[in-house]
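Let me give you the structure first, and then I'll get to my questions.
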Amino acid sequence: RSSARETAARVAAGGVARAALARLVPDLRITGYMVQMGPHAIDRARFDWEEIARNPFWAPDAEAAGAWAERLDELRKTGNSVGAVVEVTARGVPAGLGAPVYAKLDAELAGAMMSINAVKGVEIGAGMDAATLTGADNADEIRMGNDGPRYLSNRAGGVLGGITTGQDVVVRFAVKPTSSILQPRRSITRTGEEVEIVTRGRHDPCVGIRAVPVGEAMMACVLLDHLLLDRAQTGGARGPVG
Amino acid sequence: RSSARETAARVAAGGVARAALARLVPDLRITGYMVQMGPHAIDRARFDWEEIARNPFWAPDAEAAGAWAERLDELRKTGNSVGAVVEVTARGVPAGLGAPVYAKLDAELAGAMMSINAVKGVEIGAGMDAATLTGADNADEIRMGNDGPRYLSNRAGGVLGGITTGQDVVVRFAVKPTSSILQPRRSITRTGEEVEIVTRGRHDPCVGIRAVPVGEAMMACVLLDHLLLDRAQTGGARGPVG
Amino acid sequence: RSSARETAARVAAGGVARAALARLVPDLRITGYMVQMGPHAIDRARFDWEEIARNPFWAPDAEAAGAWAERLDELRKTGNSVGAVVEVTARGVPAGLGAPVYAKLDAELAGAMMSINAVKGVEIGAGMDAATLTGADNADEIRMGNDGPRYLSNRAGGVLGGITTGQDVVVRFAVKPTSSILQPRRSITRTGEEVEIVTRGRHDPCVGIRAVPVGEAMMACVLLDHLLLDRAQTGGARGPVG
Amino acid sequence: RSSARETAARVAAGGVARAALARLVPDLRITGYMVQMGPHAIDRARFDWEEIARNPFWAPDAEAAGAWAERLDELRKTGNSVGAVVEVTARGVPAGLGAPVYAKLDAELAGAMMSINAVKGVEIGAGMDAATLTGADNADEIRMGNDGPRYLSNRAGGVLGGITTGQDVVVRFAVKPTSSILQPRRSITRTGEEVEIVTRGRHDPCVGIRAVPVGEAMMACVLLDHLLLDRAQTGGARGPVG
């Protein structure tokens, strides 16, 4: 059966992938962080890349981290658990990675993230909210900046038609709350007897926190796969857009 | 480059898959429908399977269909477009399909749905909302019914640990609004000149509607793949849970 | 770099495959044996299945085994080595395994056997000799026997058009002599200096002998793959021909 | 069922592969030719690359071509057919293509050639004859020439341990005689009735001739696959050995 213990192997593979990426695309940076715990989301206005490594939640918003710490203590006391949303951003991704029909980059990222234990939803760029937008609002407009083309927004999350645009690749995924809780839940035995289940042993009130490095690892593996495919085709000529 | 014209091939493949599924699992029914257009969602209290085929939006809620029709007329007049959320439900799926590490059913469904043109988010069961729940609320409790085990909810969307539970498999995906709109958007030319783009020709204000049969086709293909893998392993012994 | 040490993993995988095959096709028997050492071939008129396990060469011909033993002693004394031909026969293979274009059974067997270290040639049925025959001589004619159809010969080696016929599947492969010998051979160093190489350490005058269980393992793995594919398609209805 | 009509698609794919190879490795030349028809082999002492395109058998030996023409007329008159051996040589292959365990170049070449309709045996370099040699005779010795390392023989056929050595890659395969002949052969009907079969219609006395361009196509496809894999790994730095 499935167990999150296997994610250790994913993080190891991600480490190898990141070492290879560091040589092939030195400017590539893959960063995962938590943007929501239960119903409490970070405030994007306070987003700070430096903050991520400073708190135990990989939160880019120090205030949110403080609030989450309190909430987590309550959950621990009541033996309950809570879900989370993790976001992984890859900056410095060359434009042109991916493919238009088979092996689309967004499809492979979605499969990779959904394969992480306890994940129930995956979003790229605007994600599920893309459904609420009009075409006029959803368009990522482009102007010329001093260093070449400049997108005015990134609702596409760096992928259009299965291929990277040169913008940041932004993926989010929802991690459900641990099912192993101390509050009794109704279930049945193999023979059909009705019982109440309480899971004793190590209690982990928010597994979403542990999913952050796993999400980074999956991003690294998928990007390296596509970078190698691209090198085979182009001999490694991809660079930044513009 | 990517074009939604290729989805014709997906629907054709889905037709073959559904014919095979009909012989192997006669009770399996795969149904797609739209649950949201722009910010306007259906009312789940009015959900009616019979209604889906009666309106041009594949909406299971007649009132929502009426409201969407009006909204679509406005969008057509202003040359704008809008996103949508499509849900695909597979009823009568045998328990035990999928795998615990590689080829997890939810991972393959996510990849398949995200590969559909214009899709930016994929959810299974509670989806992104799973992040907001506590473990106590998220648990799908089980009691014994007259016909065997009966789940009291389906937040898992029919898949746990990569493997079907025998509950309905429920997948949702967000389709972004068409980028081909008559309202001018800022872009640049190949040589870096700043321009405003208007896409003339056939204008499609909500491509989400057309994505409904494509989503059904992808569900059929993924389920058949796993049913065949299961037959190889078990000789075809899977039946309903309980 | 390549090393025959990895064949231990192949034999282990073959053991798992044989255990699965034993449950799915109880009458299937996979037997490997040496049919040639250097230029000395067995006499097919003396072929005896029982003899194979009785001598250290897996030879089905006791006289050949005796001659090979003497020859091997000479080679050991002179620090030389010799090649061999190994044959693997699978008896009781259901008809209908394989595929007509992709994943042809003979193509996969050839790839599997050629992937064994030191193998330089692979034959199925009549093999390279098929080139010398006329169509009239090559045809495997069929008559009705008491237990159903009876082939009068097996030049096809049990595979026609990529699919098993129900006859024995017969594969042969040539193993080149070990390159690690005590007789000096001319070579160069990395910097281009001309040298003579002698390989000291454990000397193995005929690695073909060790390739027998490896060939059996590859046959088991390929047959199980195709049996599982067939079960997926047919639900496991394959039986003996007729 | 299997039909050699599908080889048209292989030759088309080979054409695309050769176009890509021509850009990536301009000095690479892939040449197929027949070296044996029935029991009549070419004389290697008369081998002439220029002769191959001059006769309808792709024979590198003009005398053999003449003898084969006479033999073919007899076979046509008697409604019989004959087998053949085709050799495909790739000159100018960079050293280092292939892999040591999975995706060994020789294993993939063997699978590719055996997948051609009517092929029953595949050899690389010395092939089945490698079994008859001693280690001293089989070694391809190396000396320094004016332009770098120079092999004194090519019994390895350009592949050692699954990886190219920079020598010519030499693959041979046996094509069995057509089974569709005018001489009656014994068979049975579906219901088990004993009959004699004669195949009327277009009679092709030596399909081996038609297999020459198919073998070239398979060589091109396999080499391009490995060249692209190598470019992904190395960025395209492979050149000639030395």
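Some observations on this one:
The first chain written gets the first letter, and so on, giving A, B, C and D; residue counts start at 1 in each chain.
Throughout what follows, contacts are C-beta pairs under 8 Å (C-beta built on N, C-alpha and C of every residue); 3 or more make two chains touch, one makes a residue touch a chain.
Here the structure is a predicted model, which means the values were calculated and not measured.
The fewest steps needed to get from chain A to chain D, moving only between touching chains, is 1.
In the contact between chain C and chain D, the residue numbers used by both copies make up over half of all numbers at that interface.
Averaging Cα coordinates per chain places chain B and chain D 49 Å apart. Chain geometry summary: the mean Cα position of chain A and that of chain B are 21 Å apart.
Residue positions of chain D with contacts to 2 or more other chains are absent.
On the chain C side of its complex with chain D, the touching residues are 1-3, 6, 36-39, 75, 80-85, 100-101, 104, 106-115, 117, 119-139, 141-144, 148-149, 152, 155-157, 160-163, 174-181, 183, 185-188, 192-194, 208. Touching chain B in their complex are the following residues of chain C: 228-229, 231-233, 235-236.
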